[in-house]
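Both of the next two complexes hold chain A, though its partner changes from chain B to chain C.
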Partner chain A sequence: MSWSDLENRYGDDRVSSACGLFGFIDTTGERHDGQAAISALTSMKERGNGLGAGYAVYGCYPQLAEAYALHVMCRTEDDRNEMARYLAGAFEIVHQEPLPVHSSAGVVDAPLIWRFFCVPRQADDGDKDADEYVVRAVMTANTRMEGAYVYSSGKNLGMFKGVGHPEEIAEYFRVADYAGYLWTAHNRFPTNTPGWWGGAHPFGLLDWSVVHNGEISSYGTNRRYLETKGYHCTMRTDTEVMAYAADLLMRRHGLTPKQAALVMASPLWNEIEVLPEEEQRTCQTIRQTYGPLLMNGPFTVIIARSGELIGLGDRIRLRPLTAAIAGPMLYVSSEIAAVHLIERQVEAVWTPFGGEPVIGRLGEVPECPRAVPKRVARIIEEPTYG
Partner chain B sequence: MVDLRWLTSLDLVRSESSEEEIEVDARRLPYRTLNERLAELVRQGASRLRVLAVSGQRYLGTNLMAPVRVAIDGVPGNDLGAFMDGPQIEVMGDAQDGCGNTMNSGLIAVHGSVGDIAGHSMRGGTILVRDNAGYRVGIHMKEYGERCPAIVIGGTAQHFLGEYMAGGVILVLGRSLETGDIHPSRYIGTGMHGGVIYLRGKFDERFLGKEVGVAPLDDDDWATVRQYVFAYARYFDEDPEPLLRGSYAKLYPRTRRPYGRLYAY
Partner chain C sequence: MVLSYTMPAFVIERDLSRCISCQVCVRQCANDVHVYDIEDDCVHSQDAQCVGCHRCVTLCPTHALSVQRNPLAFRAHANWSDQALRNIYRQAESGGMLLTGMGCDQPYRIYWDHMLLNASQVTNPSIDPMREPMELTTYLGAKPERVAFSDGRVETEVAPQLRLDVPIMFSAMSYGSISFNACESLARASREAGTFYNTGEGGLHPALYQYGANTIAQVASGRFGVHLEYLNAVAALEIKIGQGAKPGIGGHLPGEKVTPDISATRMIPVGTDALSPAPHHDIYSIEDLRQLIYALKEATGYAKPVSVKVAAVHNIAPIASGIVRAGADIVAIDGLRGGTGAAPTQVRNNVGIPIELALAAVDQRLRDEGIRHRASLVVAGSIRSSADVIKAIALGADAVYVATSALVAMGCHLCQNCYTGKCNWGIATQDPYLTKRLNSDLGAQRLTNLLRAWSLEIKEMMGGMGLNAIESLRGHRDHLRGVGLNQVELDTLGIRAAGQ
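This part shows the complex of A and B:
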């Protein structure tokens, strides 16, 4: 069986565009089961077409929180053995198991999916080097092996994705049974690239996860630049570059999410010209330094890492994103109805300006920016899920 | 040039009526089922509907080709009233993106805010928004003969208001702006080649669309603005007089064919 057998089950080439995004962070760190994310995503069913759905959950492996949780997709048992041999050479494997699945979920042609909880064999040099070691190991595995690859490699982070509708993928991977303080979810309507298991969102590297709606027209430029920094694109879809760009900018180069947003969705030059001098210099420097990582084209993404959620749209907002706050909860969603569906006490709702990131952090009470037009917040008498 | 027929229908919406209001529970209904149920009720003669617990269902009002009144509790989905011809929809909260997309006639009144591209390609009827609006409101709006669509926004709008606008009226009242604030909207009227935008309150002239001119209001403009302000005020129970004070500007297209020479050599 080849990967192409796992692709678009309809064998067609439908082009339309939507994709549904949803995410939340509970800034107190309290963990929530998967039902809220599943209900919210499923309510935006029309945004996808059954060719991909997925969930990322942070804080779901508390017993093995110190090990890197490598999630691996494999075509065959042989491919899995090859991957296991490679990982055993590079890591001490603390625990390994197939992902528990409900085979009755209506999902077809699923690959073998395993998780390996790994500790780098030479991890004495501290966390930073351990992260580098894991990135190199993942890149090596994914470029060398034809029939298996690592699609998630963070600590205390689980990713569950595949070809199917949101509720099918959720049932297949038993997503409702996991609990985490930060969830992101994606409902796919593939347009320019194949709808296959590896191409479903979220995409991840280390504890980064990215879900994306739109297209990154600058993919070629972004990819070539990232290759010079040791990142290799193997998933055949544009979203991948966003995950690697996040890793390069915010982990390796230490940029803040706001600075990273200035790289990926930089203000237009005529807007930079009217900023105060200091900000002008910052924007100019960032554009000159990281020009090849400007993401062109219509997009909205939710980027997450341990303890942090970032919603970002392209600079002229060609894809939707709405943000909402309810006490310690920060929500971002393609459609606000999905938030009202699962949250009774929404206090603030707003449409972020293109290029302005919505940021939620563990331990920080979320705030609505002052300058943005607010929407009505109200209490829905009875939540309709559950 | 202004279509006043809807003013009469507006009175109908807000007045007490002896006609029976039929309630429809939208909970867990897919949008197709819900829209078919509403259409069936209208075929059976219903003239007032209230849809309860709406949660993101799309295209509400699209297939009701009659001047029925529909109240919506909850959050209607994208493309509320898309291609709508006749109904009067009242949303008791916010609407999402694409509200009034290519609407032909009727009324959408929102007791809250709307998302992006409200009134996209609208060609008739009226949208009243009590609060704020997202990006690209009134994009590709157009008018022909007696049909002149109108969008009134009580608060403010985000960028690209009236993008590629070809006809109709957009009025933004700036009620949500605090003293000294300017409208956040940039690139207003980019590609505009017809219609008119009235803005109450200050805006950033450095970021207007290149195709837009700014002028003070003349008597005809004031007559138009007054009508829509009165309609807005009456609908949302506000005092119209303060809304008629303050600085008003008229934004108009400087040419009917801004891109006439774009591909000509």
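This part shows the complex of A and C:
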């Protein structure tokens, strides 16, 4: 298998990885360049092995904010042309270009990566239908075309990922040059297969982006449920399943992030059964209905969409997740050291409980969910490294 | 008496150096195999009557007895098996249909034994059920497609559900086909283990109403024992259309088993044959089934799930789809190897399909049609171990029904002579001399033990797969791999071959 492969060449029925995660949101909406995310991710070198890294940045295309920014990996120029033809049929393409890259970076075997800024041709009935239209178009393109793959399709959202170490991928895609109010980043240590470009994180659909550390032991159950809802899991990665679950629950079914967390990392039945009546009915109804979307096995995940960042760990907390607040900034990371590296004034640091989501929203001052003991709330005056 | 051409199926060997002529075997054998000779003070055995139930062997205090398969060697013939010859001798003598009990004994492929489970290694931790929570709780019934909220409050009402502590229920066995003590054992064990047993078409004895919260009441073609109080006394109702051991045919409880108690429970005169017709006489198509489902829901105020039980036949997938669309909350499917108290041998051995294939096909069809959530899927038809349970759930079942395993737990040795009414283990008989051998306290304890043991094993295997909730295993076919199966079988089961 070549690293440049876009799809799951071995046809593995699932692909998983252990990883380093990092993300932040500036809840004031101020845009930050990529340097913070790059430094933080690069500091967690032990969590990757050079077989995948990636970044997602929200708010990076302000001039084209109303168009869906479809990022496409293509094996050959012909594949790109085929994708361009398909997209031209389904969308009005406002602008298209290859992603600017820095070819001197130590990245080899890279596919062609283009971005198409698209407006749906039949989307005059409001945003909801436009979103559905885009989802269907992306699913069709990705299942139909062998040599081209749409890996990001949100508005004002950029994704830069591939096979390499975090700093190499950052340099290759010139990630430091982009600016956004919300960043997520991923350093990959694939376990079951070699890394490949399509399998790097983040994974995206519409304005969802997902970076993920772990292995979803319930993958087959989750996938088969999502298939009944019209999602095609072509990549066979846990991340893909997470993204589709987020889309189904929070966009199509309108659950809040907290309710979605009750699905993906549900409380135990014996915890539910002792809750007050109203809460019990809520949790019971959610678990009975969405049981097939319980994400079982070790994971932490950062799910983001426009204006919102959600960090979540599995219900028995088998993978690390740390959250921190500094003024309007909310950080989530596999390791607190990565936060300390870029943020001197950390006001609160906490380790969320299993299944307890960390949620940051534009315009909402982030709050620590519980009283933080003084000794935990560290203020670091002088970083010791960086 | 005309010479019979049938030869004994078993040979009984008695070690005379051990036998103390205590006559336990004489008293225990309802088939009158053992006879005490008072003049010689010794016990003789008449092999021809032996059914191989091992009651005498088990109870002999000096272990003087052993029962062997009769080694009688017909000249080898690949086509004309011993069984085929014996059957013809018997039918030439009797002129009747061959009868048998229990599930199909023919060597069709047992797909459970060709599927292997997965486990975690390195990349994700396996979970130790002794240290971590491990959830087997299962809810059976129709689930909503989505949860709707209004002002942050859940608006969606979930249809009535059955809550199971273990995803294993006791399948339908009627009072009549089995003894009262056997029924009571099942009822008590269900309450103890947090699951359900099924009345079969035998009605509900007044003494068992106290277990109503753990009872599924069947409504079958004979409508025996069905009345409003019966319907309202239980947790769920089940319309029995068919049975895996005898798809397409009805049932027959001979008059000699219709004792005063059974007569009262079934609401038929003492001593009359209880004949369950092959079809329900008010169900000749799917819309008629819908009417019965809703008649039962109306009668019970829409407070209980309604299950529809069918045998696994060739086109089971569209049949199950129709049943779900007709409004069933649970579809129970009984496979080729499902048990019975009595069935024509040829029907039992030749009609229907294995449950594994039926389950895989039905689960996939319901998903393809987007209606899988509208009903729970319960499968039966030979679940022999916790591994079978876990494989069934991984293929897509919500829960399983066990009957033969439950009987074996109570002492059954699978002699396949249930229909004779002479069950030496006190299970498939109404003879008070025999039924008192099964103590319902002990029966309930043995059944509870079985469910506990299987639960422990299921938790251990789930933990090995890195799962801590049973719903994360449901339909998770990636955790199964086939060995020794051809591609068509693999595709039907929806699994990959081992090594892939």
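What we mean here is this: the second predicted complex is superposed on the first by the 356 of 386 C-alpha atoms of A that agree within 3 Å, B and C clash if a C-alpha of one lies under 4 Å from a C-alpha of the other, contacts with A are read in each partner's own complex, and residues count from 1 in each chain.
Operating definition for what follows: a contact is a pair of C-beta atoms (placed from the backbone, for glycine too) under 8 Å apart; a residue touches a chain by one contact, two chains touch by 3 or more.
Here the structure is a predicted model, which is why all the values come from computation and not from measurement.
> Applying the document's definition of touch, where does A:307 land relative to chain B and chain C: first, second, both, or neither?
neither
> Is A:120 contacted by the first partner chain B, the second partner chain C, both or neither?
Neither partner.
> Which of the two partners, first being chain B and second being chain C, lies in contact with A:285: first, second, both, or neither?
second
> Should A:219 be classified as contacting the first partner (chain B), the second (chain C), both, or neither?
Second partner only.
> Mind telling me which of the two, chain B or chain C, contacts the most residues of chain A?
Between chain B and chain C, C touches the greater number of residues in chain A.
> For A:316, is the partner it touches chain B (first), chain C (second), both, or none of the two (neither)?
A:316 contacts both chain B and chain C.
> Just to be sure I read the superposition right, which of the two partners does A:227 touch: chain B = first, chain C = second, or both, or neither?
second
> Determine where on chain A the residues touched by chain B overlap those touched by chain C, and list them.
270, 316
> Spell out the part of chain A that touches chain B in their complex, as residue ranges.
On the chain A side, the touching residues are 43-44, 46, 270-271, 274, 316-317, 320, 322, 335-338, 340-341, 349, 351, 353-354, 371-376, 378, 380, 382, 384.
> Of all residues in chain B, which touch chain A in the complex?
27-28, 31, 53-56, 58, 74-78, 93-94, 96-97, 111-113, 115-116, 131-135, 155-160, 176, 184, 186, 206-207
> Using the touch definition up top, name the residues of chain A that touch chain C in the complex.
Listed in rising order, the residues are 13-14, 16, 18, 191-192, 214-215, 217-221, 224-225, 227-228, 253-256, 259, 266, 268-270, 278, 281-282, 284-286, 288-292, 294, 296-298, 315-316, 318.
> In their shared complex, at which residues does chain C touch chain A?
For chain C paired with chain A, touching residues are 120, 122-125, 127, 132-133, 135, 137, 139, 143-147, 149, 152-154, 156, 158, 161, 367-368, 370, 372-373, 465-469, 471-479, 496, 500.
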